[in-house]
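Take a look at these structures.
Two complexes come next, and they have one chain in common, chain A, joined by chain B in the first and chain C in the second.
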Partner chain A sequence: MEPLSNKRKVLDFKPLTLLERSYLPEIAKGLSITMKHFFKKPVTISYPEQKREFSENFRGQHSLKRDEEGKERCTACGLCALSCPAEAITMTAAERQPGEENLYREEKYAAVYEINMLRCIFCGLCEEACPKEAIYLDGDIVPTDFLRKDFIYGKDKLVEPPLNQ
Partner chain B sequence: MFKVTIDGIPVEVEPGTTILNAARQIGGDIVPPAMCYYSKLEGSGGKCRTCLVKVSKGSEKDPRPMPKLVASCRTTVMDGMEVQNITSPEVIEARKGVVEMLLINHPLDCPVCDQAGECHLQDLGFEHGSAKTRYEFDRRKFERIDIGDKIQLHMTRCILCYRCVFTADQITDKRVHGILNRGDHAEISTYIQQAVDNDFSGNVIDVCPVGALTDKTFRFKNRVWFTKPVEAHRDCDHEKCNGKVTLWYKGEDVIRVTARKDVYGEVEEFICNTCRFDKKKTADWVIEGPRKVSHKSVISSNHYDTLKPLPVVKTNPLLQEANKDQFERETRL
Partner chain C sequence: MELLDIGIKFILIVVIFLISLVVAMYSTYAERKVAAFFQDRVGPNRAGPWGILQPLADGGKMFMKEEIIPTRASGLLFIVGPSLAIMTACIGSAVIPWGQSLQFGSRTVDLQVTDINVGILYIFGVVSLGVYGIMIGGWASNNKYSLLGAIRAASQNISYEVSMGLSIIALIMVSGSLSLKDIAAQQHGFWANGYFTWNFFKQPLGFIIFIVCAFAETNRSPFDLPECETELVGGYHTEYSSMKLGFYLFAEYINMFISSAVMATLYFGGYNYPFMDSVAASVGPNAAVILGVVLMFAKVFGFIFFFMWVRWTIPRFRYDQLMNLGWRTLIPLAIFNIVLTGLFMTFFK
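So, the complex of A and B:
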């Protein structure tokens, strides 16, 4: 058959010489490469004790922001959940009661706000959609866990800590 | 029959038809938007000026153009009239100005407002408005008013279209609410917050083009685009109500009942308060099927044409076993 390309090579196996049969020079060559790497700077780091610097546009775990006075910015408008391509966000809205003005910025707030971190693809569309600048993906890498239910992050994990702490 | 040409499309209409209704007979993009005009309400229209069009030829007998842009909901057609709507840059520019004017006192609290997603002012602003306002003064501020225990009035959001006043005039026996004060101080009110207790008072919620009049039973329950609209009907005892409604489902629960609306956002038939506020169980209704939602509407997102999305997990024992933890969870995912 005519070859399609001229890349075909015909191998010829010659019998090994005595030196080659002893394998010693090849072992020495290989070990020298190994030894050379002992003195090189390692390319890996020992995460989690040591962490690399994130790039500026890195998107990690979500956080729900507070405003200058420590009130929650989120008003449960649902635009983050609407824009979410993975449908990871759910929320339940509630009406702010008199006396809670120092807790929530608008008359409506998110009573329940949950993000399923297994569904989230960290695309950042929720951040873009938010009209109140309430959600940012500025956290760390989301930690691992054993149970699926523990990946559903509620307000306890997402909301920023209050200002005075 | 009068022959009218709107944006180059000829149509024959009855004498006495308004330009807006002639355009609606053609349909499509050339229909001028309307915030205050409501075909089911007599005397409505002429307030908001969003439906301005240019008449480039008055009629066959008198072909002079009209000197100014005219409100198409109030101007009747003449034989041989030629109208420009979206083909005239002047109209587009004027409409942009009208939207800016309507938004002067509007609080733009769409993230909080229950009307968001089905708000005509949102649509209008999205299509014709500019992103910035030139208005430098404080917006009007009002306290929320409860009209009865089921309807809430946010006067800050009102654009004074008078639709609710005409509704009150027309479908209720005695007038119980109207507009107080004049000009910039004008506001919708029931005199001394008197409760509106008519069987059809809930319809003011449906006719309101913005979120000024909202359903208190639906307040902050959910966003419109997360609910699923389903057509349904029931035998209503009220002689004037025929019980044809749209149910808005969230999961298994009916969280809101509204009248059915046509392509222009106008209700087809007014419904009584019993149907609207008291019948919120699936058992009360005969379900007809999912409501067709335009793909341009945000409400259509994540909606299926079937009543229930495919229950893959519920029928498969393997998947059920794998999702055991999820099913045992108390709160919803």
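So, the complex of A and C:
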């Protein structure tokens, strides 16, 4: 049969010579290899000070977007919560009152919008489900914390800062 | 002996004791740093500049940790084990000549705590006592892993002491003295009478046997079977916590320091360096002696680095390979070395 790659090599088990059995040349070879590594530049990225470049489609912390006039885009339709395989998103809808037109784009908005970052698997399905282009996972790595309750991020942490600031 | 002599000896003892402790402490740091460099990492670098305070942080942690003595452990022996380990590790430095004598006016100060005429035998005695610390600790823990580690340590040390002793016999045949001071003094300079003075060049085979045995005696990789974590959890110190564990780890590093010093003294000229007579003539005898001490420590650190270098190069031996190497390779080689040395001395000198 034709071999798949022409890399086949027939091994023959010759008995080791005395020099090979003494193990010393091999030790010297190994020592020289490790010594080469001793003078190599370390590959470490010292994390909090330096950060690795993320890929372009990296999915980090969510942000709730505003439109070009600074109004919140989210209308609390709940599609993101429905699409979420980890059931990390909850929200409470509310009706926009007169005088709040500069805050919310549509008549309905999310009064409470919470994502449990411990449940979130950063799959990006909420991003895909959103009909209003209101949620994107374009943030940084979610920071660590000590208490579980502190990982439930509300609108204070998720909504983009207003435009005029 | 005058009171001043006793005072000087006391200061020397304290200084050597402190130096061994500090060297052992910073060996842990160096070990981690060297390991990191060999693996293309940076190693500890957060505690102080370049992580230089890391050993202090580790030591502080060791002292603060809760002391756990297992209920089924034998109480007294459990404490005796690490104490014995660290004590035997520390007393080995007593006979090592760190330098020649300093001259203060009419007073001569030896840079050696004591020059007993059986210096090498003393070192051997101390080293073989060291295994008791491991044995007792492993036995007293009442844990199968500890016991296995202790048994391995004991049989390994006994096997390798034989060939270590035999390799030393050939060296003693050349030097004609058991005193480390004499052996160091015989290696004066670097070149005399048409040949190197350092014993390494007279006993290359003996040195290889000795260094292999030194690795085994200090339980360093590739002979770290007594504490191999893949098989025995932590070996003989599985049940130990807090500073008792610290003492075991510390004892290992002091042993490494002492055996490096012994190797430097026996085979690499100790405090001797090339052109030492002309250096002494130009900068004065005391400065030359200090330079010798510095070079002695440089050699010791070189050996310690070699210990670490080998640790990250050679994988651990299997137990039967270890025993095979000890009994069926090194002992015949050491005996062959003795015969060779004897023949050489009979027919060429």
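One rule holds in what follows: the second predicted complex is superposed on the first by the 127 of 165 C-alpha atoms of A that agree within 3 Å, B and C clash if a C-alpha of one lies under 4 Å from a C-alpha of the other, contacts with A are read in each partner's own complex, and residues count from 1 in each chain.
The working rule: a contact is a pair of C-beta atoms (placed from the backbone, for glycine too) under 8 Å apart; a residue touches a chain by one contact, two chains touch by 3 or more.
Given the structure is predicted, the values throughout are model-derived calculations rather than measurements.
Asks: Is A:Ser5 contacted by the first partner chain B, the second partner chain C, both or neither?
Replies: After superposing on A, A:Ser5 lies clear of both chain B and chain C.
Asks: Counting residues of chain A touched by each partner, does chain B or chain C come out ahead?
Replies: B
Asks: Look at A:Asn102 in the shared chain and tell me whether it touches chain B only, chain C only, both, or neither; answer first, second, both or neither.
Replies: Neither: A:Asn102 stays clear of chain B and chain C.
Asks: After lining up the shared chain so the two structures overlap, which partner does A:Leu82 touch, if you call chain B first and chain C second: first, second, both or neither?
Replies: In the superposed model, A:Leu82 contacts chain B only, not chain C.
Asks: Of the two partner chains, chain B (first) and chain C (second), which one does A:Gln50 touch, if any: first, second, both, or neither?
Replies: neither
Asks: Tell me which partner A:Leu147 touches in the superposition: chain B (first), chain C (second), both or neither.
Replies: After superposition on chain A, A:Leu147 lies in contact with chain B alone.
Asks: For chain B, which residues count as touching chain A in their complex?
Replies: Chain B residues touching chain A: 109-112, 116, 219-223, 225-226, 298, 301-302, 325-326, 329, 331-333.
Asks: Once bound in the complex, which stretches of chain C touch chain A?
Replies: Those in contact with chain A are residues 34, 36-42, 45, 208, 309-310, 312-314.
Asks: Inside the complex, what are the residues of chain A that reach chain B?
Replies: 75-79, 81-82, 87, 90, 93-95, 106-108, 112, 114, 116, 131-132, 147-149, 152
Asks: Which of the residues in chain A come into contact with chain C in the complex?
Replies: 24, 27, 30-31, 33-35, 37-38, 40-44, 46
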